[in-house]
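Structures given as structure tokens follow.
Note that subunit A is present in both complexes that follow, paired respectively with subunit B and with subunit C.
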Partner chain A sequence: MDEAVEMTSASALLERRWARYPLVLGTFGVGAFVFLVLNVSLGSVQIPLPDTCRIVLGGEGSTWVFRSVIWKIRLPRALAGLLCGSSLAVGGLLLQVFFRNPIVGPYILGISSGATLTVALIMLGGFALGFASVHPFFLSLAALVGAMGVMFIVIAVAAKVRDMITLLVIGLMMGYIASALSNFLIAFAEKERVHKFVLWTLGSFSGFRWDEVKILAIAASLLLPASFLISKPLNAFLLGEEYAKSMGVNVKLFRLLVIFISSALASVVTAFAGPVAFVGLAVPHMARLCLGTSDNRILIPGTILLGATIASFCDLLARTLFSPVELPISATTSLFGAPVVIILLLKRRAAI
Partner chain B sequence: MSLRTRSLKVGYGKRVVVEDIDLEVLRGRFVGLLGPNGCGKSTILRTFAKILAPLGGTVYLGKRDLRRIGQGELARRMAVVLTGTPSPGLLTTFDIVAMGRYPHTGFLGRLGKEDIEKIWEALRTVGASELAHRYFGELSDGEKQKVLLARALAQEPEIIILDEPTSHLDPRYRIEVVLILRRLVREKGVTIVASLHDIDLAMKVCDIVVLVKDGRVLACGPPEEVLEEERIAELYNFERASFNSFLGGIELKSRSIGPVYVVAGSGSGAQLYRTLAKHDFGIFTGVLPENDVDFHVARAVGATVVKEKPYREISPESFLQASELMKESHQVVDAGFPVGEANRRNLELVLGALRQGKVTYALRNEEESRRLYGPHASRIIRSRNISSLIERLWAVECLCEGGGSS
Partner chain C sequence: MKWILPFWLAILLSPGCRKSTTSIPSRTSVPIKYASGFEIEYLSDGRKKVTDGEGHELILVPREREVAGYDYIKVPVERVVCLSSTSVSCLRALGVLGSVVGVHLRKDRWYIDEIKKGMEEGKIEVVGKGMEEPNYEKILALKPDVVFTYTGLPTAVRAFRKFEEMGVPVAVDNGWLESHPLGRLEWIKFLAAFYDKEDEATEFFEKVENKVKEIHQKVASIEQEPVVLWGSIWKGKCYVPAGGSYAARMISIAGGNYIFRDLEGAGNANVTLEEFYLRGMEADVFIYSFYPPYVSSTIKGLVEANPILADIEPVKEGKVYCFQPWYYQSVDRTDEIIQDLAAIFHPHLFPNHKLRYFMKLHRG
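Let's look at the complex of A and B:
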């Protein structure tokens, strides 16, 4: 009798918890939408909201300037912010679960350092192939090559090494080597170029063009659902590799999948936006703490939506706070994100 | 599901931990692995669970080579409970147990109605249903262990591998867990292979025990045959303790301060022997019949025992032997034994001690000691309980030692 009562109360509490998930996810979704709208409508050129709506829906604005500002500058940038936020956050989440380490982010395996190195070679090392100024798309390509290069090395190592800590350390060390080489180049480069390069390493969503957004969108539309599809083995991994194995997870395959998905997500973002700090590290924590679960089937959608929200919000700050000077995106993400994580953590008793 | 090994060699990489393992475990048996820390129990279990690959030889599950069974199929037949508690983050107890359904659910792990019922059933079986909504990280170690067991049960395996399943549990849960396991064996024919540290428990719940030491299987068989005093002492290198299979427990051996002569019988001395051993007193005792519980406890704690055949009156030889020992001891305790036809002469022993002027104690009330010892009763120091007796014995012993050295 007593046990039956206790059980019903426990299951009632469980159901109350489950009922919260759609609510929180909905809030994240609304947040992402609100910041998307704000990003499109706010900026140095004042565009009235009705005009904005009409233009976005395909109509004509009051002047052609409005139309061109929104379609050519703000909309691609705002969408890119959403996609980059989601991608980085999910990349971070996957690696946090995989390494069972809460302070891991999507760049932990050296992805960003690889990209930085190739970009440094182009921007500082005089590998501009004779061009006076480097075409931005070429820069993106270089970053992508660097990031993917590191990714394939890490995957090759992961296929051989059994121990995941070893893998983590190898990734870290590769990052250090790439950074060291970049620093060589910095030492010998002209001041002005260094300034530009440093700004690149801090990331920015500015200057996104539609074809870049398309590539991002294609990558995200493949990789984000893929990460959701591996949420079941990802959950099993929460109990550790040995339990996961005993529950029937193909650990070798799973390991490669996780590294591939997370690195590819981070690579694509880095190629176009540069290394964007903190989103990939902090958003999974925020989502976990807001939702109150580590269940990846809930957490991955939550992380996608919250990543989009946070990145959009931070880009809005970066653009508007000291307009016309634009802040690097990494500055706003870290400045805003770190205190939020600390507050959320202190409010929770259970360890992450 | 039966489990068989053929010249199995287990270890990590090139380091062999245990070799020449030839076991045959039939379906529905409870097998306990016993052995000192680091002897390789966990390594063997991990190899059975296919977490480690064997370094040589073969493990057969049913009739098939374990290597030939896919990870997914294995998960539907075998569940494991490992040592150490994972920290899975913000997962509820329910979520953890639900993971047991992993091999039975579809691609995204959606739980059907039947799955949910099985999860609750597993939670109820270990008595953790009221914890279902709590975060796993907030539970106590014992609760966590029960939840991990529930997870294994929800997996509906035919064989369960458990690495020290009772190590964090209080006595009540320890019993509960082994009873749950025994019930699985009896009702569902589940095979259980567990490493245990509790010899007493192993003796009571296992059908077969496997003793592992120094990279070998020392012995294997029914606990009634295998768990002998000498073998257990060898297994764990007991020097100051011993396992007594009659008593089903470990007794600490004393290292002899004293010695103290205890006259006991019919269980009156058992607790006193243990307490004396704990305080390092040497113990002489007797005369005790061989079927007396005091006899077994006294031997287990390493006392020098003067014995007599069961149901016989104390013979002159035994009496003489006891008297000799008494002369060597500094103090004498009458443990408050019941006096009957067969052990009347034990009273004479106590009286003899009084005559010799030994310091003599009795755990009896005044009336009783007067009835038994007549006029001598006044010279007996009466103690209410064992702890006050121990204090007095200590005090006198210190005086004796001090006197001896000066």
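Let's look at the complex of A and C:
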């Protein structure tokens, strides 16, 4: 092919792509909104749509029960779903780019295992002596402490080690140690406690409260824009650490920043919802395919919106598919996410 | 008539045949009314064929008789390992706890005095830990005549396979899967077959059955049935018994109107928080299906852990109950459990009744 023709076709392609981004991002945004609306208006309790609208806009429903179902149960849960989806997806994307590894998720550095360990200590290890039953907020705090604890250890290590594969392996090992300790605790615990603990490890958006949603929203409103701000140096990372260095990126500082943002996002979600599987791994891939770019300036907003959409969609399935029986959220995300990732990886091989 | 020859030979050659022909009472059947998971068939010369909860056929042969050629269990059994609390409570009713040499729970988890005492005296060993896989080596060393276990959970199924592989005689007591409270108790007849105590079991069962009928008649005339919410909630996840479960049946026998009776199935089901909330709103009584310390013993503590419960009627009215820790070790007291429920639902019919298997949560 003639070189000039190739050049023009490439730039035409680029132009077409740039035209495509707002459209795709817009679709994601509309998707997130649609599922938010569906999550608020659908449920095992039938609430007429006009009632739902009036209640959401601050009015009275036909009964006060509808009002409290929507305000106390559905809205916090629906918003939590959006925020958790966005946070996990961006956490996953940052680490995928950072490690240049497509099978990395936000929990790869042992965040969820750290959270699980502290929750196990409280729930199974009898570290709640003096409490008749563990207060849920205390549990969330413990999970947050565990997740952040692992994060700070990884950051401390990251400041020391040179190459990132070592860091990845160390993160994995941290995860193994934490899960091993949790399993020790399970072996000595009573079955009633183990049952509740297993429920926690399945993850759920159910029972979210407004104070939890607020904390989640504050964390997301700080960390998600921060991730967008680092999208440019993150792009330099696509071509390797050496390249990033030559572009004037302070690699050491940047490393810590990426680990901090992604882990903090995953930690906050895990603290309240438990480890929610797969959103963080699958959504960045889906966003990349839909948008057809690796440019993080586009990909990060895309992932934020798509993460919210997918998490809401999966929660909607979990709640309504076999209503009034509810499925665990990690089951629907994995069932939906895993085939998508397989298809994407197969497609990618064909393209290469 | 060819088939009869080896049969005769076997009897003639067996050393114990002469003395036992008269001592074994011949029985033809045991009535089974509610349970559906087991069968007992009486064969010739005191042998029995018992079909257990997994559909396996076990041949029970009188202890004094030696038979060659097939696997069998010598009865009455003298050394027994029990891996479920419901089996142990049925054995209590049969008065044969002395045969127990191994159980699945630690001493502090038992509320059956004979078991606690047996452990103190070193007669009973702990061979497992709740619902996890048991300690096979210990069980093998105990040389039990039979292991009573259950299936339905993955670990229990694995344990069952392992026993078969090790050649340890195992009988599956799946009474917990029965959908009628009396069906759960009726497994006492299954266990009794291993002790030649079918008559005692039948008598005991009928006594309880009549008592249950009596309670039911007492409440049947009442028009106004209280609406009952039964279940547990944790971090927004709600578990309730399905409409075909034994708990649902027990509520209706005791004169209550179970709020999730339309839920299909027999076991437990996970329902959405809003469904639990909306229906709970109309309930008169809330029975929390756990026992302290796994549930707070005060309403205040319960609401603190699940703020959404503050709105539901039984919580506002202070009509919240939970199990006593020995609830699951009391299958033999099914009549008393149902009486407790009836007294909760219709206090005026049972004045001065003291609850034994449920407790009322304090306001806190």
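Heads up, the rule we're going with is that the second predicted complex is superposed on the first by the 334 of 352 C-alpha atoms of A that agree within 3 Å, B and C clash if a C-alpha of one lies under 4 Å from a C-alpha of the other, contacts with A are read in each partner's own complex, and residues count from 1 in each chain.
Heads up, the rule we're going with is that contacts are C-beta pairs under 8 Å (C-beta built on N, C-alpha and C of every residue); 3 or more make two chains touch, one makes a residue touch a chain.
Since we're looking at a predicted model, the values are computed, not measured.
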Partner chain(s) touched by A:N250 [first = subunit B, second = subunit C, both, neither]: first
First (subunit B), second (subunit C), both or neither touched by A:E242: first
First, second, both or neither for A:A19, with subunit B first and subunit C second: neither
Partner chain in contact with A:V65 - subunit B first, subunit C second, else both or neither: second
Which superposed partner A:S231 touches (first subunit B, second subunit C, both, neither): first
Which superposed partner A:T293 touches (first subunit B, second subunit C, both, neither): first
Subunit C contact footprint on subunit A (complex, rising order): 43-45, 65, 68-69, 72-74, 77, 132-136, 187, 190-193, 196, 199-200, 204-209, 319, 323-326
Contact set on subunit B toward subunit A in their complex: 46, 49-51, 71-76, 78-80, 82, 86-92, 94-96, 99-100, 102-103, 105, 107-109, 120, 123-124, 127, 129-133, 135, 137-138, 155
Subunit B partner contacts - residues on subunit A that touch it in the complex: 3, 6-7, 9-11, 13-14, 17, 100, 229, 231-232, 235-236, 238-240, 242-243, 245-250, 288-289, 292-295, 297, 349-352
Subunit A partner contacts - residues on subunit C that touch it in the complex: 109, 129-132, 234-237, 263, 269-275, 277-278, 281, 290, 292-298, 301, 304-308, 311
